[in-house]
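This is the structure I have questions about; it appears just below.
Which chain is which? They are A, B, C, D and E, in the order written, and residues in each are numbered from 1.
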Amino acid sequence: MSNELLFAILLQAPLVGFVINGVRFQSKDYKFAGILACSAMAISFACSVILSSRLLSMDPANRHITSTLFDWISAGSFNAEVGFTVDAISAIMILVITGVGFLIHLFSVGYISHDERPSKYFAYLNFFVFNMLLLVLGDNLLVMFVGWEGVGLCSYLLIGFWFTDREKAAAGMKAFITNRIGDAGFLLGIFFLFMEFGTVNFQDLNALAPAASLLSWGEPLVLACLFLFIGACGKSAQIPLYVWLPDAMAGPTPVSALIHAATMVTAGVYMIVRLNSVFMAAPDVMMIIACVGAATALIAASIGVCQNDIKKVLAYSTVSQLGYMFLGVGVGAFMPAMFHLMTHAFFKALMFLGSGSVIHAMHEEQDIRKMGGLKKALPITSFTFTLGWLAIIGIPPFAGFFSKDEILWYSFASDRGAPFLWVIGVIAAGLTAFYMTRLMALTFWGKSRVPADVHPHESPATMTIPLIVLGVLSVVGGWIGIPHVIGAVLPGHPPNLLEGWLHYSVAKITLPQDAHVMEWILMGVSLSVAGLSAIFAYDSYVRNPDRPERLAKRYSRLHNLVYNKYFVDEIYFGRIINPLIEASKGLWVYIDVNFIDKATYQASGFVKSLGSSVRTLQNGNLQTYALYIALGAAIALSFIMG
Amino acid sequence: MSLSVLIFLPLVYALIVWMMPNDRAVRYSSLGFSIFHLGYTLAFLGGFDSATASLQFVERVMWVKGAGIEYFLGMDGISLWLIVLSNFLVPLIVLGSWTSIEKKVGGFHVSLFLLQSTMLGTFLAMDAILFYTFFEASLIPMYFMVGIWGGENRIYASMKFFIYTMFGSLFMLLSIIALMFMTEDQLGAMSSNLLQFYKLQIPFVAGEFLSTQTLLFFGFAIAFAIKVPLFPFHTWLPDAHVQAPTPGSVILAGVMLKMGTYGFMRISLPLFPEATQYWGWVFLVLAVIGIIYGALVAMVQPDMKKLVAYSSVSHMGFVVMGLFAMNAEGLTGGLYQMLNHGVSTGALFLLVGMIYERTHSRKIEDYGGLAPAAPIFTIFFIIVTMSSIAVPMTNGFVGEFLIMLGTFLAYKPFVIFAVLGVVLAATYMLWMVKRVFFGPAGKIVTEWKDKNLDINPREIAVLTPLTILIFWMGIFPNHFLDFSKTSIDHLVKNKSQYFLTIEDAGKAPKGTYSQIGN
Amino acid sequence: MAGDSILFYALSFLIIYFALGVLMNPNPIKAAFNLVLAMVGVAGVFFHLQSGFLGGVQLAVYAGAVMVLFVMVLMIFDLKKERDAFSQGFLGNIGKLLAAGIVVSLVINNVILSSDLQLATSNAAKAESGRDTTKILADLIFTEYVFAFEVLGILLLLVAIGAVSISRIKGGTHADS
Amino acid sequence: MGADLFEIGVNTAKLLVIFLMMVQIVPLLVWVERRGSAYIQNRFGPNRVGPLGLTQLLADAVKFIFKEEFIPDKNRRFIFYAAPVVALIPGALAFAAIPLSIPISVETFELFGQSWGPYTFLFQGYEVGIGIVFVLGVSSLGAYALLMAGYGSSNKYSMFGALRASAQMISYELALGLSLVGILLIFNTFDFQQIIDAQKGQMVIAGNALPLPNWGIFYQPIGFILFVIAVFAETNRLPFDLPEAESELVAGYHTEYGGIKMNMFYIGEYGHMLVASGLMVTFYFGGYNLPWFLPQAEELIASYGNVMAAVILHLVFLAKVGLFLWIFVWVRWTIPRFRYDQLMDLGWKTMLPWALANTIITAIVVFWMRS
Amino acid sequence: MLTVDFVNIGLNHYLILSAIVFVIGMLTVLLRRNLIVMLMGIELMLNAVNITFVAFSHYNQLVNGQVMVFFVMTIAAAEAGVGLAICVSIFKRFKEVNISLFENLRG
C-alpha cells in the first residue's frame, strides 16, 4: 500500500465511522455503533503500526513520510497545504491515539450500552480521533490548528454529552471557551511565525529556526513562542487556563480517559516538541514554560489532595502530570516529555477507565467517601488500578518511574533547568504519591462505606479487557526508555530505545556528562519522597482514618483554601467573567441605547426644531408661496440682468 | 449572457409574480424563477475568466451625455462571488418564507425580486452614479420589507434604517459629484465612470483633515461605514434585524451589509490610496471596537435575533479590518468573510426564524432543553454556530484567519485585540446555544411537549445547501478564492495608482440613447 | 406710422386692456370674458407675426375650448357674491407688487438696453416671406420633437383620466350620487 | 405693401358686402324654413303676405326692430347686451374666409388722372393662409355668445341652455376637427383656394379616370358624414338643439331675448348654417367648381371673360350652398331631438372613434399612395 | 440712454408687451383669491411667454419657437383641465373656491 493510501485510510476510517454513526444519530443500537467505531479505530491502529514500521525501516536521520493532498488556503504570500507528515514524534502520537483510542472505544461499548444515544456518542468519539490525527499528522501549523480546534469542538460536544444537565452543558462551554482563549494565542503565534519565516510548515520552520541564540524580548520569534505557549496552556490545562479540565469530568468517563487524559490534553506538549527548534531559540520562554509547568504540577497536585470526587482527583492528577510534561519541555527534555506523555497516556487512561468501571459498578456514584473496600467486588478493576497507581507514583519498574525521573533529572541537570524546578517536581511527586494512595485507600482498600442499596459488581469483558491491556502497558511501557544509568546496571544493558528513536527529531540539550552519581542520588531522593508520602497516605487513610480530619481541623484555613481549589473559579467568575457581563450590559444600555441612539434622536430633534421654526413660512397660503416664487424670480433676474 | 439581463430579469419575475392569481402560485413561481436565476448566475461563473483582472461581460452605454454618466456594468473577481451569493440566497429565502409570510404574499415576493435586482446592480455597476442609484434603490424594497412584513415596531425600525443609510449616502453623492468635477478638470471630460475616477490624481496632504483626498475618502467612508455598519453607526442594525421578517434579515445581513464593504473595496481603497493608508487606523480602531463591542453586547442580549444582529456587527468589523489591512491576505480574507457572513449569518437568521415561526418567541430565557425536542434543528444550529464562531473546516475560519493574518502583517496591535473577538464570539454563541438547547426543558419545550418542534423537510431543504456550503467553503476555500485571486493581487499591486481595464478593449461607449438622456 | 405699427399698438392695447380686466374685474366671469378677449388679441398677434397656424390653434384651443371650460365651471359655481376677491395684507401685497414691478422693469430695461436684441430686430426680418410656416412646424414636430410630442400625448391622456377621476371624488353636495 | 386707396376701398366694400350678404340671407332662410317645414308637414306656411308669403319677412323684420326692449332685472346688463352682438361675429368672420368664386383680375386703368392697377381681387372677404384652422378657431368662439346670453339673462333656463350649448360645442368641435383631418391629408393644405383648385376635373386613381368628379366626398365619405353630423351639432340645429329645447328649457339661452337682439341670434345661427354649408361645399363638393363634364373655370374665363366667369361660378357655389341649407331645414323637420346623454355618447363614443379611425386609415393610405 | 423706437415695430416691442402681460398674469395669481381666476392668471402668463416665443421665432426665422408654443398650449390645456377638475372637487366639498379658505391640509 502506498503511503498516501495509508494516510487516507488512517484518517478516513474514523471519519467514515463518524459519518455513518452521525447519520443514524438517533439509533439506539449500541452494538452496531460500537462495532463500527471500534473497527474504524482498529483499522486506523493497523495503519499507524504499518506507518511506524515503515518509518523504522528508514534512515534514522531522515525519518518522515509526507503526503500532500491539496492546497488549502492560498492568498497573497500565504499558502497552506493540507499535508500530512508522520515522523518519529508523530508516530508515537498516532500509535498512542489509535492504540489507546481503540481500547477506550472498546471499553465504551460496555460503558455506553445503557445510554440513550450510543450512535451519537461513538460518532463524536470517532470524530475526535479524526481531529486528533489531523492535529498530530498535520505538516503545518494550520492543519494542526484545524485538529486543534476540532478536538476542542469534540471535547465540547462530549463533555456536554448529557446536556440536559445544566452543569454538564456549562462544563462543555467552559472547556470550549477556555480553549478558545488558548487558540487565540495559538493564532497569534502562527501569525508571528509566518511573519518571521514566511511559512507555516513544520519542517521549514524547524529548519529556519536560528540555532540556539539568545533572543531578547520583543523579537517576533520570542513572542511567537510565548503565544504558542498560551495556546498550549489552553489545550493542555496549564495555569492559568487549567480550570476547564476538572469540570470536563462531567463527560462520560471513557471520554475523560481518551480526551482529557491520554490524547487531547497532551496536544500542547506535542506542539512544543514539534516546534522544539523554534522554542530552543527562545530560552526565556522555555524558562517560563518550565516554571508554569512546575507550578501547575505542584498546585494541581495539592488540590488533588483534598478532592473527594474520584474523577476530579484523576483530573487534577492529569493537570499535575501535564505540568510535569511542560516542565520537561521547558527544560529541553523533549524526549522525556514525549516519553512521559506516552506512559501517562497508558496509566492515566487505565485509571480513568478503572474509575469508569468503578462508577459503572457504583451506579454513577463518584464520591470516594461513599466507596471503600471495593477490592473484593471489583477484582480486575482493582488490580489494574493498582498497576496504574504504582506507575503514577513512580515505583520502578513501572512506566511512570522512568519517564518522570528522566524529566526530573533534566530539570535539575540540563542547562535550561534549575535545581528549584527539581525541588518543586519532587514535592509534586510526593503530593502525587499521597493523593493517589489516598484515592486507592478510599476506593479499594479499607472498610466499605458503600450504601446498602448499591451492590457493586465487576464490569463485563469489553470493559475489563482494555483495563488489562492498559495495565500491562503501564508496566512495560516504560521499558522502551530506560535511562542510560539504569540500563548500564541492568542485565543485558537495555538501550534507551526511545531516545534512539527521537534522536534526530528533537533538539539537543546540554547535559552534564559522567554525572551518574548525582543522577542516582536524585533518583533515590525522589523515589524515597514518593514512597514515604505513599506510606504516610496509606497510614492516614487505612490505618488511622481519623487523622486526615484532625489535620484538616488543625490547618483549617489551609485546608479550606486547598479544598476550594484556591478559589480560582470564584476569582475568575467574580473578577473577570461577571464584571465583563455587567460591563457588556452597561455598554448595551448606556452606549448603544442611551448614548448613540440618544445622540441620534438629539440630532433629529434639532432638525425638527429647526424645521418647525421655518415652518411659519409654510403657512399654507398658496399666494404666499407664489410670492416666494415671484420674489425668487425677481432676485434671480436681478442677478442675471441687473 | 448579459449582465443587464442578470440585473433586470428579476424585475420581469416580479411582474409575473405580481400577476399570479393566488399565494400558492406566487410561491411556486418565485421559487422556480429564483432557482432559474441562480442557474443563470452560475453560467456567468462558468464563463468567468479568472486569469485576468480586467472587467468582464462589460456593457457600456452612454447614459447622460453631458455629465458623462454611463450605464456601465462589469464583473471582476471582486464582485463575482457577491453576485453568486445574492442569487444563491434568494431561492433559499423564498423557500424559507414559505409559511412565515402570510399577508401580501405577492407583494413580498415582488419586493424580494426588486431587492435582488438592485443588489445585483450595486455589485455590477462600474459607474459611480449608477452605483449610487442602485445603492439607494435597494433601500426601497428593504424599507417595505421591514415596514410591511416586520414585527411590532416595524415602522420605527424601517424609518431608522432608511434614514441612517440615506444620511450616509448623501455624503457619498457629494463626493461622487466632486470627483466628477475633478474628472472634468484633469481628464478633460466629465465622467462618473469608476475607471476614469481611478485615473485621477487626488491631492493629498498628510495630517491635514481638510485636504481633498481625505474629505472625499471620508465622504465615501461614512456612507459605507453606516451600511456595514461600523461602530458607532451600527444602532440601526439591531432594530432593523429584530423587526424585519426572517427573509428580510437574511437579505439584510447576507447581502446588503456587503454593499458597504464592497464599496470600501471597490471605491475607497483604490481611489484614495494615500488617505486609506494614512487614515486607515481610524477604521481599524473602529473595526476592532466593533468586533469587541459587538461581541460583548451580543453576549448579554436576551433576544436571539438581536444577538445574531450584534454578532453581525462583530463579524463585519472583521471584514473592515481585513480590507483596511490593504494586503492580499487581508483583502482576500475580507472578501471571503463577506461571503461567509452571508452564508452563516443568513443561516442563523433562517434558523431563528424557523423556531420563532413555531413558538413565537425569541427570548432566550423562554427556551432551554430544545435539543431533545428538536434534534435535527439542533444539529443544523450547532453546525451554523460553529461556522459563525470560525471553527476550522467551516467557512468562518478561513475568512477570519486570513483577515487576522493580513491585518497582523500590516498592523500588529489591532490583531491582538481582534483575537479577543474570536474568543468572545465563542462565548456569546455557545452561551446562547447552551441556554437555548441544553439544560432541562424550559418553558416553551414544556408547552410543546406533545407537539413536534423539529423542522420539516422543506426547512431541511433550505438549510442543507447552506450547510454544504459552510463545509465546502471551509475545506476547499481555493475553489472560491482562485476566482478572486487575480483581481485582488492586481488591487494590492497597484494600490497606489489603481486602474482597471475592460476585457474587450476598443469598445467605445455608444451614444445611442443620449438623445433621451438629454 | 405704418399699418404694421398701428396694428401692433392696437393689439397691444387690447391685450393689455383685457389682461388688466382679468386682474381688476372682481366678477370672475367677467374676468374670464376679458381673458378670452385678451387671448383673441394674442391670436391676432400670432396672425400678425405670420404664425397663422398657431393663431388658429390659439383661437380654437385656448379661446374656444379651454376658456369655455373656465366659463362653464364658473357658471356652474354661480358664486352669488365674490368675497375677498383680492388678497388682504398690506405688506404682502406691497411685496407682490414690488416683485412684479422688479420683474417687469428689469425685463423692459434689459430689452431696451440690449443692443444685441436690437440688432436682431432690425428690418432684415421683415424681408422674410415665410408665409406659411405650418409645414415646417409639422416637420419639426414629427421629426426632431417627436419624442416630446409623444410624451405630451401621454400627458394629455393622463390628464384626461386624472381630471375625470379627481372631479368624480365623492363628497360634498354630491356625496350620495 | 402695394395697397393703394382703390384696393383698400374695394376690399372694404367686399367685406361689407359679404357681411350684408350673410345678414340678408337670413330672412330668406327663415322663409325657406317656414315654407319648408310647412311643406314637409303637409301644411301651407306663410302664404298671405306677398307672393308666396315672401314679404312676411319684411313684416317680421319691422316687428323685431320696433319691439319694446326687455331687460332682466339684474346687474348684468352689459353682458346681456353684448351677447347677441358676439353671436354675429364668428359666423361673419368665418364666412368671410371662404372663397366664393375665382379671383377677379383687373387690368390697368386710368381714373382721376391716375393709373391704377393691375389688381387681383379675391372673391372672398380676406385670404387666410391657414383657412381651415382659422375657420375652426373662429367658429369655436360662437360658444361665448351663448354663454354670455345664458349668464347675462340671470335665468336658470338660459343658464342651462348655455351650459348645454357650450358643452355640446366643445364636444363636437373635436369630432369636427378630426373629421376634417382626412381632407387635409388628402389635399395636403390648409388653404381653401388650393383645396378648391385641387377638386377640379375628373377623379383619377392610379392613372384611371373614373366617371366621378374629383370631389372630396368621394375620397372621404365617412369624413363627410361625420362632418355633417358635427356641423349640425355645432350649429345647435335639430336633432342637436338641446340648448334651446323648448319643451325642457322654455327656449334655452335666448329665453329672455326679444326684438332686435333675438333677431341677431337668428342671424348668428343662420350665419353659422351658411358657413357650415359653405365649408361642406368647399371641402367635399368641389367649391365653386363645376363637374368635369361641364366647362371648368379656365374655359369659362376664356369664353365669357373673367368677371362673368366669376359670377357664373359664384352662382354655382350658391346653388350648392343652397342645397345644403335645404338639407339643414329638411333634417330639422324630420328627425326628433336627442336626449342629452345620447348626445354626449354619440359625440364621444361614436363620432370620435370613427373620426380617429378615419384619420388613421386616411393617413396610412395617403402615405402609401405617396411613397 | 433710452432710445426707444416707437415707429418701427421690432422684436423688442413684442418682448415688452410680453413682459407686461406676464406681470399682469403674475399679479393675477398673486392678488386674486378666486382659484379659477388664479388659473386664468397662469394662462395669461403662458400666453405672454407664447408671445415671446412667436416673436423670436418670427424675427429669427426659426420655427422651433413655434413648436414650443405648440407644446406650451398643450400643457396649458392639460393644466387647465386638471386645475378645473380640482376646483370642481374643491367646490363640491366646500362650496367655495376662495384660496384663503384652503390654508390647511385637511381632508
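Just a few scattered comments:
Keep this in mind: a contact is a pair of C-beta atoms (placed from the backbone, for glycine too) under 8 Å apart; a residue touches a chain by one contact, two chains touch by 3 or more.
Computed from a predicted structure; not experimentally measured.
Annotation: omitting chain A yields the touching groups B | C, D, E among the remaining chains. Between chain B and chain E, the least number of touch steps comes to 2.
Touching chain A and chain C at once are the following chains: E. Overall, the chain located most centrally, as judged by its C-alpha mean against the mean of all protein C-alpha atoms, is B.
Among the other chains, D has the CA centre that is most remote from the centre of chain B. Taking the mean of C-alpha positions as each chain's centre, the chain lying farthest from the centre of chain A is D. Set against one another, A-B and C-E show the most C-beta pairs in contact at C-E. Inter-chain spacing, taken between the CA centroids of chain A and chain E, is 90 Å. Centre-to-centre separation between chain A and chain D, using Cα means, comes to 112 Å.
The distance from the centre of chain C to the centre of chain D, with each centre set as the mean of the Cα atoms, comes to 28 Å. Chain centres here are Cα averages; for chain B and chain C they lie 56 Å apart. Of all residues in chain A, those touching 2 or more other chains are 623, 627, 630, listed in ascending order. The set of touching chain pairs reads A-B, A-C, A-E, C-D, C-E, using the touch definition from the header.
Residue ranges on chain B touching chain A, taken from their complex, read 163-164, 232, 235, 238, 293, 296-297, 299-301, 327-329, 332-333, 369, 371-372, 375, 379, 386, 391-393, 397-398, 401-402, 404-406, 408-409, 415-416, 419-420, 422-423, 426-427, 430-431, 433-434, 437-441, 475-478, 481, 485, 488-489, 492. Taken together, the chain C residues at the contact with chain D in this complex read 3, 29-30, 33, 36, 40, 43, 47, 52-53, 55-60, 63-65, 68-69, 71-72, 75-76, 78, 131-132, 134. Against chain A, in their complex, chain C makes its touches with residues 87, 92, 95-96, 98-100, 102-103, 106-107, 109-110. For chain C in complex with chain E, the touching residues are 1-2, 4-5, 8, 12, 15-16, 19-20, 22-23, 28, 31-32, 35, 38-39, 42, 45-46, 49-51, 53-54, 57-58, 61-62, 65-67, 69-70, 73-74, 76-77, 79, 82-88, 93, 96-97, 99-101, 103-104, 107-108, 111-112, 117-118, 120-123, 125, 128, 130, 133, 136-137, 140-141, 144-145, 148-149, 152, 155-156, 159-160, 162-164, 166-167, 169, 171-174.
The part of chain E that touches chain C in the complex is made up of residues 2, 4, 6-17, 19-28, 30-34, 36-37, 39-41, 43-44, 47, 50-51, 54-55, 57-61, 63-64, 66-67, 69-71, 73-78, 80-82, 84-89, 91-95, 97-98, 100.
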